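In the two complexes that follow, chain A is the common piece, with chain B as its partner first and chain C second.
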Partner chain A sequence: MKNGSMLRVENLTKVFNTGFIKGFEIRAVDDVSFTINKGEIVSLIGESGSGKTTIGKLILHLLTPTSGRILFKNRDISKLKGADLKAYYQDVQGVFQDPFSSVNPLHRVDHVFDIIFENLLKDVDEKEKNVLVEDALRNVKLNPKNILGKYPHQLSGGQLQRVLLARALILRPQLLIADEIVSMLDASVRIGVLNLLGEFRDKYGMSVLFITHDLSLGYYISDKAIIMYRGRIVEMGDIKKVFHNPLHPYTQMLLQSVPDLNVKWEFKKRIEPEKEEKGIYAISGCRYVFRCPRKVEICQKDRPELLEVEKNHWVACHMYKR
Partner chain B sequence: MLRVNDLKVYYKTPSGYIKAVDGVSFEVKKGEIFGIAGESGCGKSTLVNSLILRKPPMIHMGGEALLEGKDIMTLDEKEYRKIRYTKISIIPQYSLNALNPTKKIREIVWDLAKEHGYTDKEEIESKLRERLRMVSLSEQVANMYPIELSGGMKQRVVMVVSTLLDPKILIADEITSALDVTNQRIILELLYYFIKEEKIVDSIIFITHDIGLLDKIADRIMVMYAGKAVEIGPTEKIINKPTHPYTQLLLNSLPRLGINYEKERLQGIPGEPPALLKPPSGCRLHPRCPYATDICTMKEPEMIEIEKSHFVACHMYRG
Partner chain C sequence: MIISRETLRIALGNTKFKVGLAIILIFILWAIIGPLLTPFDNMGYYPVKFGERIAPKPSLPSLKPGSIGEIFTPQGVVKVKHYLGTDSFGRDIYAQLVYGLKSSLVIGLIAGGLATLIGLLIGFVAGYKGGWTDEGLMMITNIMLVIPTMALLIIIAAYLPYRGVGIESLIIGLTAWPWTARAVRAQTLSLKRRGFVELAKISGMRESKILLKEILPNMMSYVFMVFILQFGGSILAAVGLDFIGLGPTRGMSLGIMLQQAVLWNAINLGYWWWAIPPGLVIAILITGLYLINTGLDEIFNPRLRRE
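Moving on to the complex of A and B:
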């Protein structure tokens, strides 16, 4: 099942300008390229400010790129409008971090499904709709009887997030953009939601862009990892290669910071905290240079390109230049 | 240092009392980091907040909390103000927004010190500069407004402010849950440094929903479920030899690096935590517990010491 690219992102860039007078540029996404194949779960991992959420929004056509292209099944999505855009949303769906801010608190939960049926599934009659909704809820391990007819505040965050996932999955999307969808959920329900993504991929060949700051969750569910720092990809590739043989100093530090139960921490080697980073988007070199313990002169000046150092393992760091 | 006995803290609502903390006992020793773990709604935040500030609808229904032998649950607001920041201090959840946005860090700190009777401004400011350096921030941060700082930097400033008057006990309530992993690790390292090396505080109570963090930093752990303490013991025992079914389920639902969906399928905990308006009879976990028997539905299990300093409240281990 895992062949053929579903989504191709080419040199994607999104620049935001802040302020009028002392304004400066934030290069939230800066020359980013990657592909997601059919049936593949790809983790997009980074801290806040890395640009991971912006990438999700660009793919979902909620933001317009400054430059670069997004190709879904070889078709540039930037010009999609009207019926074509609706068709795109049948194939590509998004679920976001805070389930409570994704629903209208005054409407019953059932209403979240209405939007989909009114816009994207107009031909479905009432009876068929009810069957679809109930099936979708059962698919995400919810009992329709305990969910339908309730208001959002009567559900827990985990239940509501699964309702939203059920809605996205009703359309059998080929690509799901899942932006921090479990970060607000308790550990005990988190894993159930991740397993659902895996099961949907296994059953329907759905691809997932799993946007997260949690490395263990990323490792658990994904085939591939993309590590971002300040708008740029610093490392990507096969999940096992990236996690077991991290090459970029940033990835190495991230992995050291995971409170994994198998590892003992020593509080001796202090990790370098972030500093004031004015002008980080203006420098010509590597953006990690402010914090990198292994920086050399060239890192200030030249931006490292993403290089394939072993099969399916890319890194952007001058240490690995041949 | 701190001894809490059979503490009950409820919320009064039109439909009855929500029994958020219902008879919890534990002690925090000098020099230790005491971790409290549990899922949302288990009462862990209510527990520590009730030690600091009780406001309606939160009601103290019974039990005591002895700080250096004195019950702090009976202090009035005026008496309490004296010990807040000097004896017991909290870094609350959402503390990133707790700093007054219209004042510079320097001014926030001076206001606080003044309120506690400090008169030497230079002394306080030099202490502030020293502490900022300790948390790897430059002295210039003292002259900045909170808005000028990133989340991770702000959290370090909040740490400095809450400990500036050298409290005996520092309560840290989910202080890293809004942070990235690297900032999270930095904050944990700093807490460790504050108590174990610099000895700025005597004890830390660290509350989190992520038991993995407690594995890294806590000396002892208390696991809470639905307003009750279910297991208390040394970190190493809780993590590697959990005895309460809830602790076991919680640990099993944590993904560890090296566990991948393709190879090993993890399971969450079935069901949902109960509403605390009408908690389940007997053991509160029984509707979700894979080992529940008849007695669990009828009788509440008592906390028993199954080995030295390791306590568990479960009928499986009685007698």
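Moving on to the complex of A and C:
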């Protein structure tokens, strides 16, 4: 597995400090390690504030990690600069959460394509470029005639999000960081876009880090799931194992809270909403301890490490310590 | 383009903006054309030719607005109409007013422009670079902010033996930038975290290009408003300096007119036409600028629009 890994994240930590003198720390990502193999779609699942977007930005070299390493094809990306960084961006691309803030409101949408041709694909001539752009737009089920030449505010969020996906796919990246890319889309288009990611994986061996809060979407396309809670991985492994045999109390709660189309909703007592606990990043024990229905004394003091409970299935919970 | 046709349409539909713009445009035109149409010089004297030499001659003192003044020249007596009367020295008030308006607008333009430019540069670099650059630049800015500007202006102005409009603009411009820098820094801080900057980064765009093509255009509307504010602020600062006698040593300005009116007891003597016009012109000018600013606020911020 080590040899096939395309991206390896080792003990990644990112701490944000608020305030210059009398601030407090937010450990957005805390000692996270995982790998993504070639042609693998990995779902990074967590509620808001779990650090999933921060991981995406760290991998895209938009933030500098506080500690830990990110290795892409066995090369540490933190030292990349200039031409090397450009080469990295040809291999690793991203689509961000909020399409409206991802495009400059003053430029036409064509601008997002122009800048990649200006900076990353300099050899492509004008004619080829137009063909590439139009094909890419058709791939994401958009009609180029209705999109090109328009200003961002004239398009819907779903259209813009697909434009940005088209932009990333033109580069045929080996790794795509897809941050909530389908949450803005209609249900009908959503499956189309997910299938497109699958198609790119099959055709070009593209890996995807699929960042989402939606469990069913994660299940639909992924090979592997990583469940995060407050900056730490609580459960990780083969998607089928994680979803059919959830081990961590948090994962169990998450799966319970997915609405079922065939069952009328009744309020289930065990689903607890997120609370803003004071000092959550300072406690020495498990971060989930405040919400956990099955907490015992040790949870307060000791932080559980990830354990491989069965093959390809890790969980960080004291219940499974042997 | 930065200012699109759409923005222009909204701008011309905004009454506040239109009224403000009209006031300022009329004043600018008046300041350009006015001096050409009056026979008096900038101090309000009538230039009389003595062969090669030109000597400024006063008219009759303390004439009411609209009266006819007489100037004695070698060629005989010249009769001239004084639209706004004359002061205690027989100088034409109207001529002083238009020349004063002109120098006030020039000061506003140079000092306001300079303050905007410095503030923009410092705020932009501090906000974008962050870290120690930010700390250092903001320290300088904060120090400048807490120094009482008027006192500083008085000290600098008092040390200069000769002061022209240019020097005055320079001193005002060099002291008025700090709050602009702070405001621009805040704006830059918010802009640099927008998604489109990150998108430009992962598109391999160079940092300098991101600054010029992605961030700066988004700040233009803001910069424009800051300039209008600085323009008005500089005019008022200049009037303040002139009023306490630290204005241009030669020439006329609205502040100098006010100063002299007070100095020679215009109000006590009932010469309202000497004291009121400069004050009124300043008040209307600043009102016009204020209207433009609130109008622009509504134009650039759709939420303030009442349609």
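As a convention for this text, the second predicted complex is superposed on the first by the 305 of 322 C-alpha atoms of A that agree within 3 Å, B and C clash if a C-alpha of one lies under 4 Å from a C-alpha of the other, contacts with A are read in each partner's own complex, and residues count from 1 in each chain.
Convention: a residue touches a chain if its C-beta (ideal position, glycine included) is under 8 Å from a C-beta of that chain, and two chains touch if they have at least 3 such contacts.
No experiment lies behind these values; they were computed from the predicted model shown.
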item	value
Fit or clash - chain C, chain B, common chain A	fit
Partner chain(s) touched by A:60 [first = chain B, second = chain C, both, neither]	second
Contacts of A:243 with chain B and chain C, given as first, second, both or neither	first
Contacts of A:262 with chain B and chain C, given as first, second, both or neither	first
Partner chain in contact with A:210 - chain B first, chain C second, else both or neither	neither
Partner chain(s) touched by A:85 [first = chain B, second = chain C, both, neither]	second
Which superposed partner A:198 touches (first chain B, second chain C, both, neither)	first
Partner chain in contact with A:112 - chain B first, chain C second, else both or neither	second
Which superposed partner A:254 touches (first chain B, second chain C, both, neither)	first
Overlay on chain A, chain C to chain B nearest C-alpha distance, Å	9
Residues of chain A touching chain B in the complex	47-49, 156-159, 186-192, 194-195, 198, 213-217, 219-221, 239-240, 243, 253-263, 265, 267, 270-271, 273-274, 276
Chain B to chain A touching residues, read off their complex	39-40, 136, 138, 150-153, 156, 180-186, 188-189, 192-193, 196, 209-213, 215-216, 239, 249-251, 253-261, 265-269, 272-273
Parts of chain A lying in touch with chain C, wherever the complex brings them together	57, 60-62, 85-86, 89, 93-94, 96-98, 101-106, 112, 115-116, 118-120, 164
Parts of chain C lying in touch with chain A, wherever the complex brings them together	2, 194-196, 198-206, 214, 217-218
